[in-house]
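Two complexes, one shared chain (chain A), two partners (chain B, chain C).
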Partner chain A sequence: MNAAAEAMQRRHGDSLWNKAWRKFRHDRVGVVALLVVCAYAIVALGVVLGWWATGWADISGPKWAPLSSEHWLGTNIIGQDIFSRAVYSTRTAFEVGLIVALGATFIGAVLGAIAGFFSATWIDEAVIWLMGVLDSVPFILLVAAIAYSLQDSPWAMHIAMIATFWIGTARLVRGEVIKLKGQEFVESAHAIGLGRMTIIFRHILPNTFHVLLVQATLSFVAAIKSEVILSFLGLGVKDGMSWGLMISESTFEVLAGYFNNFIAASVLMFGLVMAFNMFSDALQDALDPRTVK
Partner chain B sequence: MEVLLYSLRKLLAGIPLVLGVTLISFLLIVYFGPDKTYELVGKNPTAEQIAEVRSQLGYDRPFVTRYMEYLREIVTLDFGSSESTDEKVSSILARTIPVSLLLALPGFILGNALGVLLALVAAYFRGGLVDKLIMGSAAVGMSVSYLIAIIGFQILLSSADGLDLFPVRGWDTSTPLAYIQHVTVPTLATVFVALGYNTRFYRAVIVEEMTRDHVRTARAFGIPPAKIFYRNILKNSMVPIVTRVVFSIPLIVISGSLLLESYFGIPGIGKVSYDAIITGDQPVLKAVVALTAILFVVAQLLTDICYRLVDPRVSLGASTR
Partner chain C sequence: MTALRTVKNIALCFVAVSLTAACEGNGNGSSTPTEVKTFHYSMRSSPGSLDPARVSTVSANVMVQTLYDSLYAYKYLQRPYELKPRLAAAMPEISDDGLTYTIRLKQGIRFADNRAFSNGRGREVVAEDFVYALKRHFDPDSRSVAAWIWQGRIVGLDEWKRNGADYDQPVKGLQAIDRYVLQIRLTRPYPQLVHNLAMGPSAAVPREAVEFYGREFSVNPVGSGPFRLISYDATEAVLVRNENFQREPVSLAEEGYDPITQGQYGLEVIDGRRAPFIDRLEISFIDEGSARWSSFTKGNEVQMAGVPAEQVYRVLESRDPVVLKPEYARKYHMSTEKEAGFVYTAFNMDFPETGYHPDPVRNERNRALRCAIMKARDWNARNDSWYGGLGEIFPGIIPSSVPEFDPELSRESVEYDPEGARALLAEYGWNAGNLPELVYSSQPGPTSRLFFEQFRGWLTNIGYPKEKIILKTYATFADLSKAWHNSEEQLLSLGWLLDYPDAESSLQLFYGPNRSPGSNSSNYSNPEYDRLYEATSVMQPSAERTALYRQMNRMVIDDCVVISGLSRVGIALWHKNVVALPDNNFVGGQFLQYVDVLDKAVGSAVR
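And then the complex of A and B:
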C-alpha cells in the first residue's frame, strides 16, 4: 500500500486489516479453526524435519494387525503402520495445498490485474478468452490430458490444478482492479509519471491482497480434496504417501471388513478440510467491509 | 427477430471459445502426446521405416494441417477406432452416454431440488436455530471428500458389515427394480456431496434477494409474506439458480461420472474415459475431451440466450450501444 493511503488510514486508526483482525478475534469458530490448521501445519513440519513418521514405508508388523501400543492404528494389508502413514500424508497434503495455492494465486493475481488494468482492450479480451477456454475443459479430463502429454510426470497434478484454480482468483482480482484503477491514488501515480507496470504491481495489486488471501485458502482446500480423487484414479501423487493413496488402498480392505486405513485417512483429511473451510469463512467475513461487528 | 440476431451474435462469440478448447485438447493429446512411432515400427527399424511410420501417423506434416485434420474429425464425429478394443469411437459414445445419463440424473435432480428446498428453509429462518443447523450440516458435508462418501455409503448399505441391501458394484437396467438397486448407492453419495455446496450457494442467492429494496417496500405495503416470498423472492432467485443448474450439466455427464463409474464398474462414458486415460487410448481421449468442452461452451451460450428470453433487463448489446 502506498504511504499516503497508509498515513490516512493511520489517522482514522482503522485500516481494513485492523478491523478485520478485530472481527476475526471475536469469531470463536474462526480462531479455533485457525488453531486446528496450525496444529496440522506443525505435524507436517515435523515430518519434513524428520521428527516423526519416518518409518511410514517400513513393513513393521503382520498384515492387518489390530490397534496396539506398537501400531496405534493397526497395520495395512502388507503390514505397514497406518498411524505413521497417516501422519506422513499430512506433509503431502500441505505440500500439494501450498504449491497449488501459491501458484494459482500468483498467476491469478498477475493475469487478473493485467486484464483489469487494460480492461476493454485486446489484452483483457485475451485473458478472458483463456479463462473461458480453460474453464470449459472438465477438470479431471484436463488433469488426464496434461498427465498424458507430460508422460506421467509427478507434477501433472499440480500443473493441472494451478491451470484451473487461478481462474477464479483472476476473475475477482480483475473486478477489483477495474474498481481501483479509477481512484485518486492511481491518478496521482500516473501524474508523477510512474510506469504502468509499477502502478499495477506496486500500487494497485497490494490493495487486492484481501481477495488473494481468501482465494489462496480456497485453492488450498480444493487442492487437498482433488488430490484424494486424483490419487485414487492414479493421476495424483506418484511417489510418497497421501491420504488419497491410503483411501484407494483401503477400497480393497473395507469390503473384507478392515476399516483402519479408511478411517484414519478420512478423519484426518476431514479435520483439516473442515478447519480450513471454517477459517476461510471467518476470514471472508472479517475482511468483508459490509458485515458489521 | 431481435432475439434471433442476439442468438446469432452469441453463437459467433462462441467460436473463439470452441477453437480454444479444441486447440488445448489438440496440443495436449495429439501434438505433445506420446510419440507412437516406436510402438509401430517393430524391432531394428531402418531410418526409412521410421520415416514411413511417422508420415503415416502424420508427424511430418505442419502444425496447422494436423490441427485442421483434428477439427475435421470433430465436425464429422469420426475419431477412428479405440486402440484397445477396436470399436469405433462414435459407437462407444452412443453406447455409453445413455448409461451415464441414467446414472447421473437422479442424483443431479435430487441434489439440486433438495438444495433449493433446504436453502429456502434456511433463508426463511435466517439467523435462527434451524438456519444454523442446516448451514452447519452443509459445512460438514462440504468437507467430506466425494471418494469418502462413496466408500462410506458402500460400507453402510452394500457390505456385509452394514445393512447389505444393495449390490456392491456393477450395473443392470434390465428391470426398473434392478435399476433402482444399482443406482441408489451412487445417487446417495452424489447427493450427499453436492448438497452442502448447493444449499450454501442457493441460500446466499435467496438471502440476497430477500434484502432487496423492493421486498422491503412490498412488506411495508402489507403484502402477505407468503406472496412476497413467492413473487418477489423466489422468482428473482431463479435466474442464478437456473444458471448453476445448466452450467453443471456437462460436468455431471463426464467429471462427476468418472469417479462414480470407475469405482462401481459402471459401463458409462466416465468409465470409458478412465480406461482411456489409464491405457493412453488416444482416439477415445481426444473425442471425450473435445466433445465435453464443446458441450460446455454450447451450454453456456444457451443459458445466455435463455436469459434474453426470460429476463427483459439483459441488454441486447447492439440496440443499446
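And then the complex of A and C:
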C-alpha cells in the first residue's frame, strides 16, 4: 500500500474528533485564542493554589496610589492593590464560567435529549412550554429576579444563570436528537430491546457532544459577561472579587478622574471574553460536520 | 366655519394664557410674567408624602418646612443654633415645675388660600390647629411616623389614642386655652419640648383640609408657610409664593448675622424686607450626585448644589482651610456645613461573642476585643476615602455641633493604633484561632461593599483572619433597619442625625430602656449610665447637665461599645446672583424663604 492510500485510509477511518482536531490545529487564530485562554486558566489556577494575588483584600497602600513597582496598577479608593484584585478576579471568572457552563450544558443536554426523543408527545410539549415561558422573560430581568430572590445564597448568581442558559443548549440538542433518532443505529438499539433511557443517554446523546462542546464554550463566555453585569447591579459575587465588582466600585473613581480600577478590570475581561469567543468560533468550525473532511 | 372656530380657539387660548400669567405675576404684587423670580433648587430624593405626620426623610422635612409653619424655628444665621418664635408670639412660659408650657400665638396669620376652605380663602391659624396637628400623630388613620416624639410625654395624649382617637374628645395636657393660647402639660419635665415644636411634624394643620382631601392630603398640602404647592411629582415640585404669608421684615441682627464669617454672601440685601423674596420655587429631585452636579454646572438649571465627594478634589484648591479653585470661586458662592450628626459603628451587646457574656472573665475579654477593634479603625483613611478628607473626627457620641461637646476629651479612642490593638488582643489571650466570627451587615452596592472591605482590611492588619469577617447583605435599608431593631445583627454601621442641638439626642441611643426595638440598637445596658440619663432628662441646659452628659459619653467610650465618630462636612455652592446661606441641619427648609435671586452677582469672591 502506498503512502497516498495509507493517508486516504487513515482519513476515512478517522473519527469526527480526530478530524476536528486536525482542522483546529490549522486555525491559527483559534490556536492563539486557546493559548490565551490557557494562560488565563493558569492564572486562575495559581490563585486557587495560593501562588499569587493572596493580598487582594489587604489595604496595602494609600488611596489612589499611582503605578509603581509595589503597586503595578496602583491602588483603589481604599488603598487595595488593583493588580492583585484583577488577577484574583480571573479565578472568579473561571469559577463562574465553568460552573455555569457545566450546569447549563448538563440540564440542556438532558432535557433537550428527552424532548427530542419524545418529540410530538406531551413530554416534548412540556419541555417546549417551559423553554418558551423562560424565553419570554427578558434575560437580564429573569436572571436579576432569580438572583434577587436567592440573594442570601452565595450560589444565587450561578443558579440564576444556569436556570436561563440551558434553554439554548436544549433547543439545539432537541433538534439534533430528532435528527438522530431516525437513524439506523437507533433502530438497531430498539430492535435488540434496549431501554429508552439507555438509547437516549448511551447511544444518541454521545453523538451530540460536538454541539454540547460548542454550547459549553458559549455559555462560559455568556456567564462571565453576565457575572459582570450582575455584580455591577449588586446581585453577583457575594464574597471575593470579580471584574464586575471592580467596575462597579470604580464608578466613584471614574467620576473623580481615576481610571486604573476600571481599565484593569475591563481589559482583563475583554481579553478573556475575546479569546474565548474566538476559540469558540474555531471550535465550532472544526466540529461542524459539513466542513470536517 | 371651521377656520373661524380655529381662529376663535387660538384667540381664547391666548387670552387664557395671558390671564394665567398675569395671575401668577399678581401674586408678587407688581411683577410681570417676565419678572417672575424663580429659584431652582434640588434635593436628593423625592419626599414621598408632604403630610407633616408622615415626615421621615430630610427632603420631606424641607418641603414641609417650606409649606407649613411651626411654633418655633432656628434663627437663620445664628451659630450655634438658637431658637426663635415663628408662629408663637414669644418663647413659651414654663411653669416652675417644668411641666406646663403656655404658648401665645401671633394673631392674623392665615393659611394659604385653598379650595378646602369655605370660599377658598385661607382662614386664620389658631391654637386649636396645633392641638389638632399633635392629636393627628396619635390617630392611627394618619399613619404618623413621628408620634414617638411626643409618646408618653403629654398628659392624656396616649390615653386619647387608646380611647379611639376621637377628635371631639379633649386631651388633658393639650388644650387651646383660647383662640391664641396653647397649653401643653407634660407627664414629666422635658426640656427638649421647644426643640420638638420647631420640627416639621409639629406644624399647624387645618382640620378642614385633612377632611377635605382625605388620603390625598399627603400630596395636597395646605399650610401657612412662605410657599404653596402648585405641582408635584416624583421628579419635581413647583411652589409659588403664598400670598397670605405676611410676617415681620427680616432683621439680620436678630437672625444672628455675622458680617465677618457671612459678609461675603451679600445677605445685606434682604435686611428690612419681607420674606419670601422669590415668586417661584422649583425643586428637582435628583438622586444621582453627579447628575445634580452636572445640572448645577450647566448654569441654567439648578442654582445650588452640594459638591459630590468625588468632585471635591477637582473643585477645591485646599481642604484645610477649604478654598475653591479660582475658576469656581469666580462663578459661585460657597459655604461649608458640618452635619449635626455623625457616622459610627456600634457593637450589639446582645451577642455573647463580642458583647455581654455571663462569664465575667470572658466578658472582660470581649471588652478588650471591642477596644482592639476600635483601635484598628483608621478614621483618617475613612475620612479621606469617603468624605473628601473634610469630615471632623471626634471621640465618643457628642459631636461638636452641640454645645455639650467636650473639646478636652482624650482622642485616644479615635486614634489609629494597630500595634496597640495587637498588644491588647495578645494580652487577653485572643489569637487567630479563637477570635470569634464578626458578621458585618450592610446593604448591597459598591460603596457599602467597600466600607466592608475597608473595615475588614483594618482588622486583618491586626491579625484578624479574613475568613472570620463575614459580609451579610440586605436587599433594602428597611430590611437592614428591621434586623437592627430586632437585635439580629452583631455590628451596626450607622449614620445618626440629631433631631435638635442637644446631646440628649445622641445619648438616648445608649439608654438601657430604649433597647431593641427602640433606638438603643446596640442594647447597651449600664445602670450608672441609665441613672445619669434619667437625671439629666429633666434638667434644663446648665453646666451641671453638661458635665453629666460628658460623663455618660466617657462611659460609652470606656466600655468600647461604639467606634465613633465622624461628622461629615458638606460643601454647598450656589450661583453668584443668588442671595442665600443654605443649611441642612436644623434651619432646614426654612432657609428657602430667605433666598433672593438678583439680576447680577452679589457678594465678594470666595477664595
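Following the convention adopted for this analysis, the second predicted complex is superposed on the first by the 277 of 293 C-alpha atoms of A that agree within 3 Å, B and C clash if a C-alpha of one lies under 4 Å from a C-alpha of the other, contacts with A are read in each partner's own complex, and residues count from 1 in each chain.
Here is the rule we go by: a residue touches a chain if its C-beta (ideal position, glycine included) is under 8 Å from a C-beta of that chain, and two chains touch if they have at least 3 such contacts.
Here the structure is a predicted model, which means the values were calculated and not measured.
Chemist: Check whether A:Met278 is in contact with chain B, with chain C, with both or with neither, and answer first, second, both or neither.
Modeler: First partner only.
Chemist: Of chain B and chain C, which one contacts the greater number of residues in chain A?
Modeler: With both complexes superposed on chain A, more residues of chain A are touched by B.
Chemist: Figure out whether A:Leu141 sits in contact with chain B (first) or chain C (second), or with both, or with neither.
Modeler: first
Chemist: Touch test for A:Lys238: chain B only (first), chain C only (second), both, or neither?
Modeler: In the superposition, A:Lys238 touches chain C alone.
Chemist: Based on the superposed arrangement, let me know which partner A:Leu180 touches: chain B (first), chain C (second), both, or neither?
Modeler: Once the two structures are laid over each other on A, A:Leu180 reaches no partner at all.
Chemist: Check the residue A:Ile82 against both partner chains and state whether it touches chain B (first), chain C (second), both, or neither.
Modeler: neither
Chemist: Identify the partner contact of A:Ile59: answer first if only chain B is touched, second if only chain C is, both if each is, neither if none is.
Modeler: Only chain C is touched by A:Ile59; chain B is not.
Chemist: Answer with first, second, both or neither: which of chain B and chain C does A:Gly257 touch in the superposed model?
Modeler: Both: A:Gly257 reaches chain B and chain C.
Chemist: First (chain B), second (chain C), both or neither: which does A:Glu249 touch?
Modeler: Only chain C; A:Glu249 stays clear of chain B.
Chemist: Thinking of the overlay built on chain A, is A:Ile229 touched by chain B (first), by chain C (second), by both, or by neither?
Modeler: first
Chemist: Just which bits of chain A does chain B share with chain C as contact spots?
Modeler: Dual-contact residues (chain A): 148, 151, 234-235, 248, 251, 255, 257.
Chemist: So in the complex, the part of chain B that touches chain A is made up of which residues?
Modeler: Touch list, chain B to chain A: 16-17, 20-21, 23-25, 27-29, 32-34, 139-140, 142-148, 151-152, 154-155, 159-161, 168, 250-251, 254-255, 258-259, 262-263, 273-274, 277-278, 280, 285, 288-289, 292-294, 296-297, 300.
Chemist: Quick check: in the complex, which residue numbers of chain A touch chain B?
Modeler: 129-130, 132-142, 144-149, 151, 225, 228-229, 232-235, 244, 247-248, 250-251, 254-255, 257, 259, 262, 266, 269-270, 273-274, 277-278, 281
Chemist: Would you pull the chain A residues touching chain C in the complex into a rising list?
Modeler: The touching residues are 57-59, 63, 76-80, 148, 151, 234-235, 238-239, 245, 248-249, 251-253, 255-257.
Chemist: Once bound in the complex, which stretches of chain C touch chain A?
Modeler: Contacts found on chain C: 290, 308-311, 313-314, 381, 384-386, 444-447, 449-450, 453-454, 456-458, 460-461, 466, 470-471, 473, 475.
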